[in-house]
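Look for chain A in each of the two complexes below; its partner is chain B in the first and chain C in the second.
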Partner chain A sequence: MNVNFSGFNYLTIAVLIFLVCNLPQLCPAEDEIPDWDSAVADSSGQTVNWYMWGGSPAVNRYVNGYLARELKNRFNINLRQVPVKDIAEIVSKLMVEKAAGKNSGGSVDLMWINGENFRTCKRENLLFGPFADVLPNQRFVDWHNPAVENDFGTPVAGMESPWGSAQFVMIYDSARTPDPPTTIADLIRWIIKHPGRFSYPAPPDFTGSAFVRHFFYHTGAPEKWQQGYNEAELKESADSTYAILNDLKPFLWREGSTYPDSPVRLNSLFVDNEIDFSFSYHQGEATRNILDGIFPDTVRTYVFDEGTIANTHFVAIPFNAENKEGAMVVANFLLSPEAQYKKAEPDVWGDFPVVSTTRLPVEWQEKFNTRPRGVATLDDQQLQSHQLPEPPSDILVYLEKGWENQVLKSR
Partner chain B sequence: MKIRHFPFVASIVFAVIIPFLPLILWSFSTRYHYPALLPQEFGIRGWMYVLDTARGQIAAGIYESFTLALVTTLISLVFGLPAGRALGLYDFPGKKLASLLLMLPVIVPPLSVTMGLHLWFIRLELVETFAGVVLIHLTFCLPYTIFVFWGVFSDYDPDFEDQARSLGASPSHVVFKIMLPMVLPGVVVAALFSFLLSWSQYLSTLIIGGGKMLTLPILLFSLMDSGDRPIAGAVCLIFILPAFLALIATTKSLGHQSLKGMH
Partner chain C sequence: MGKPGPEKQITPVTMHAAAQGEKHRRTTTPRLLLLLGPAVAIISVLFGGGLLLGLLQALGYRPQDGLVSLSFEYFAAVGADPYFFKSLALTFYISATSTAIAALLSVATALFMHFKAAQNRLLHFILQIPLTVPHLVVAISMFMLLTPSGLFSRLLCRAGIISSPAAFPLLVNDPFGISILTVYIWKEVPFITFMVLTVLKSMETELLEAGASLGATPMQRFRHIILPTIAPSLGSGCFIVFAFTFGAFEVPYLLGRTFPLTMPVWSYKNFSDIDLAARPAGIAIGIIIAATVIISLFFSQLLLNYSRNREARS
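Entry: the complex of A and B
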């Protein structure tokens, strides 16, 4: 009887402990950032599940080929890519897991994000960190570069680690359009002179939205939006942006009654000779597409004289990741000169290095400066001297909503 | 008789095959630019990606999809047949309510169903498990299976079973020798429905499977909007092929059985 009673008691205590420990606010998940040596030691044998947009065969090839092989050989880490259509799906998944109190053993170890998704993750405390400053290869990154320090206006603060950089470029076929317009003002004139030969993906598509921001920058000084602007100024500039775009509507493809839904559709219209320009938020994409036979050999790229928008893309570790140490080692390896160099090769991926060349060891500096470039890719000098920062992501959202209400819906 | 049916059969074959032609052309092209009708240059870059570069992933995806679809189909048949029989043969209080409830997962957008169940599945520790993904697939497959059997049993005459029983047949004999052969075309249709639905699930697998189950649709849907048409073409064909084979295999038995049943 007595034994039974105490047995019951132990059970009650066990249940109570179990309940208490499952309340997220009382027992927060272990959030300590391991130091580098113990992270490397613990990472051996881990499988890192890396969730990322899987729409690019070139990226998939680089991740599943070179990266997976090197990580296995050097650190005994199994890299497992989980390709998704849109990483926002994974951000929602993490939000549900947070709400359900699943604070450990999560399946996402690493994700490829930036901009709006990073802002959401940071606001909802979905990230593990700050871990970026623990990674030794951070020394190759210029953290004073505004495009690295802030991710679309959100301070990175070590909550994500940079992977690559991207810059918006215009794409044209030199055989069809030998003399492309090199300023926004010229582009507007060109569109009016060639009705039906231009279009852009409808925001909130990532690339279409970036295109609209160039017109927004055209209405005033781009630097102004980094800080200290007021509502009225924003509204005024936004309204004149919509006015320009509305005036252009009758001269767009299908008279602006419809827009392509993605840069992919835009590229298709471009190669199918429906329109004369495409554009990409990836300076090496045109070359890549020429190599794959998707674009004709005569396709080239250029940046506007006033510059084009550039940003950095990052990797982050979710709060409940099971293999945080492995994820840190992967994030660090992504920043190594060899991985960054391989990624930049035009026939691999052609993504631009996020490491700053001057910070690299001398032998790597030489290699990076003389690395092969594709036929349609501009050189670093041309690109870097024409970079504009992204505006904060609330301006971005403001413009996307405004475009929908005032450009798309005004028929 | 064969001659008389020829134009009819030919038009069906034509309508089924023609949509695949562009896919096949794209998948075997390396250069296919406007305005050419046929690819300017043929090649196997698309197939090399699918069968070589991403071979491991895709083979594992096919295996994962196939086992999931198979298990889901078997379970939905086991539960769908008795349920459909009850709905088709008997009147009982609450029948309308039952049919409404069964319809719900089909009417409500799959995303809401999945998101809602996700929270529960986390609590029940079913997320990221094979069983969890089978369960979420069943949410979509089972209603269809039940509705197919409902239809089948509405035209079913249970008197045959009584006759067999009066001649001394055991219950299992009645089920396997009388009922199943009579409803076999229905079983085939229901199995096909269920298999194809499970085979093509993307979002529910992604959310509940949490990336642990890398099924074919998860691998392929992310590639579809790559803009790389040769790869997308090859990938589509890989995706369609098993479903196409299942369809051909079942139409054979379907046609055969329904002819028998017509007399």
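Entry: the complex of A and C
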């Protein structure tokens, strides 16, 4: 009886709040950013629905295990991971909700995002913020780093909070391919010499798209695309990229008549010995997969001599999120030295920390500098000396469309 | 004295049945509305409403962006895409082929079950299994069994029948959609079989006996007696299956190739494209799919009505 009664009470209160909140003059504006202390106070007991790409068992384990446990213990927040195949689905969903006028009570509280999805969200006003500067742990982040300040050429401006960074690496089995090609030009020669032994996920898959960008960079200087290029230059470089990829088609897995649809599929082709290379937009994934028993122990990674693309990944809060305070507390905890360190451990995830080591307390600096890396992960020095910036999202979308029209469909 | 007994017993039973029939016929319109209203309302609001909203968007009606005029621009753009006919042809090929093969197998299965194994409960049970398994599960199973690195390939390789897993024939992501067809056939055979079986069960045996006594061969009896009897139900079932496979997304999405795509996968791809301008085209394709499905179901209904009228006449 008691329970029923209080249930009824909550319902009444909810209805009242709903009614009151629909009177605009009485309710605070939706976009008002709470200060940190009130965010922490309000977040207690909230359930934060975190929509994210769910294709990596290691990430899922880190989120559902360590993070969920710590957030529950420290802040009484229930973290609920909602895995999706591509966060673009959620961007679509938010578009629809925006169009339908659903400005509150949305089911997405936090999303893992970057690049063109962030650009779309920002342009269409799908995000809550700027909230990132409110988070105390921002002090560990170097906001002057161009890869943090701009997300694929789009200014971040506090609308998303960094979580980690990643760099593209090639994956090979040293037992099978002792001497892998270390430049794009060598890779092209290798593919022609070994027909049917190479493939890449079809863009717009995230990893496949990144692979194609390396070929695009191969046609000219990567720095050129950061700014000050013209349409004709872009078209010329893009067209020669498609030409190279089209010429390679007959030498690809299944003669390029079809492509793996995801990096997960690419990995299984690689371990099933159908192809000889995989790659990942994550420098620690190969080690992770060895530890999980998915890859053999002899698998190693490398970066091209000319460098590989690196980026920062972020979390953002949708405009209509129901538990914005909880989401902010989660975003802040993600940046704490302990969470960043845990995430960097090779047997957890092995993700690059996004916090700048020099800004951390001294005892953490020590820990970060001497952390173990795992057998197939390159060291920071090797990786950082071979980093290329991502091109602006426009180029990325341009290449994805162009690939589809000129490589996939030209048969 | 033995004869009148059963006769007396038959009369009340027939009376009862007649009375029930009478009652059934007396169902009034308000009562009918009350009974069917909720289901019909849900279907018309959720399906009809969605279809209407989709149609408006496909016609470029987006009041939030200040676009309120309607045009067939997106339909025209979709139709003008050279890719459209490839996609349509592929979708039609998959639906038509799987329906035709399923129909042939179903007729054979139904005949066998009716004439040779009517009492075989195990067979009935086995045939019901595919009905309960979702398409998604079947598609993933096929994937695991049939890819060159799949279970069959590995078993054959282990047994020394093929030299390496790569020598296994291409059955998944292949140009002919073999694994997609297999999934659909596996799923749809029991469905059509049971539709045909219902008709066979209610078929009078006199015609077949007369045919046999007049010297008709089994083949002739099949062609001139059984086939005309089951044809409307078979056709109706085929149209339903065709409509379903034409609009189904998950199987070609999992087992199809990167290009060309079937219409539903293509529609989804456009709809979820990061470029918002691709959305109305995605919805336009969806509307074209819906139109095909509705036409197909209309034919199915037409055939069912025909067979009902024929029964009523005889």
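Assume the second predicted complex is superposed on the first by the 382 of 411 C-alpha atoms of A that agree within 3 Å, B and C clash if a C-alpha of one lies under 4 Å from a C-alpha of the other, contacts with A are read in each partner's own complex, and residues count from 1 in each chain.
By our rule, a residue touches a chain if its C-beta (ideal position, glycine included) is under 8 Å from a C-beta of that chain, and two chains touch if they have at least 3 such contacts.
The model shown is predicted, which means the values in this text are computed figures rather than measured ones.
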item: Which of chain B and chain C A:Arg254 touches, first, second, both or neither; value: second
item: Touched partner set for A:Pro83, first chain B, second chain C, both or neither; value: first
item: Contacts of A:Ile244 with chain B and chain C, given as first, second, both or neither; value: neither
item: Which of chain B and chain C A:Asn64 touches, first, second, both or neither; value: first
item: Greater chain A contact set [chain C / chain B]; value: B
item: First (chain B), second (chain C), both or neither touched by A:Asn49; value: first
item: First, second, both or neither for A:Ser268, with chain B first and chain C second; value: both
item: Partner chain in contact with A:Met95 - chain B first, chain C second, else both or neither; value: second
item: Chain B versus chain C as contact partner of A:Ile33, first or second or both or neither; value: neither
item: Chain B versus chain C as contact partner of A:Val397, first or second or both or neither; value: second
item: Interface residues of chain A shared between complexes with chain B and chain C; value: 89, 92, 99, 268, 272-273
item: Residue ranges of chain A touching chain B (in the complex, touch as defined); value: 49, 51, 53-57, 60-61, 64-65, 81-85, 89-90, 92-93, 96-97, 99-100, 102, 107-108, 262-264, 267-268, 271-273, 289, 292-294, 296
item: Residue ranges of chain B in contact with chain A within the complex; value: 29-35, 41, 43, 45, 49, 53-54, 56-57, 115, 118-119, 122-123, 128, 203, 206-207, 210-212, 214, 218-219, 221-231
item: Residues of chain C touching chain A in the complex; value: 62, 64, 83, 148-149, 165-166, 170, 173, 175, 257-259, 271-276
item: Contact footprint of chain C on chain A as seen in their complex; value: 86, 88-89, 91-92, 95, 98-99, 116-117, 120, 124, 196, 202, 204, 254, 257-259, 261, 268-269, 272-274, 397, 401, 408-409, 411
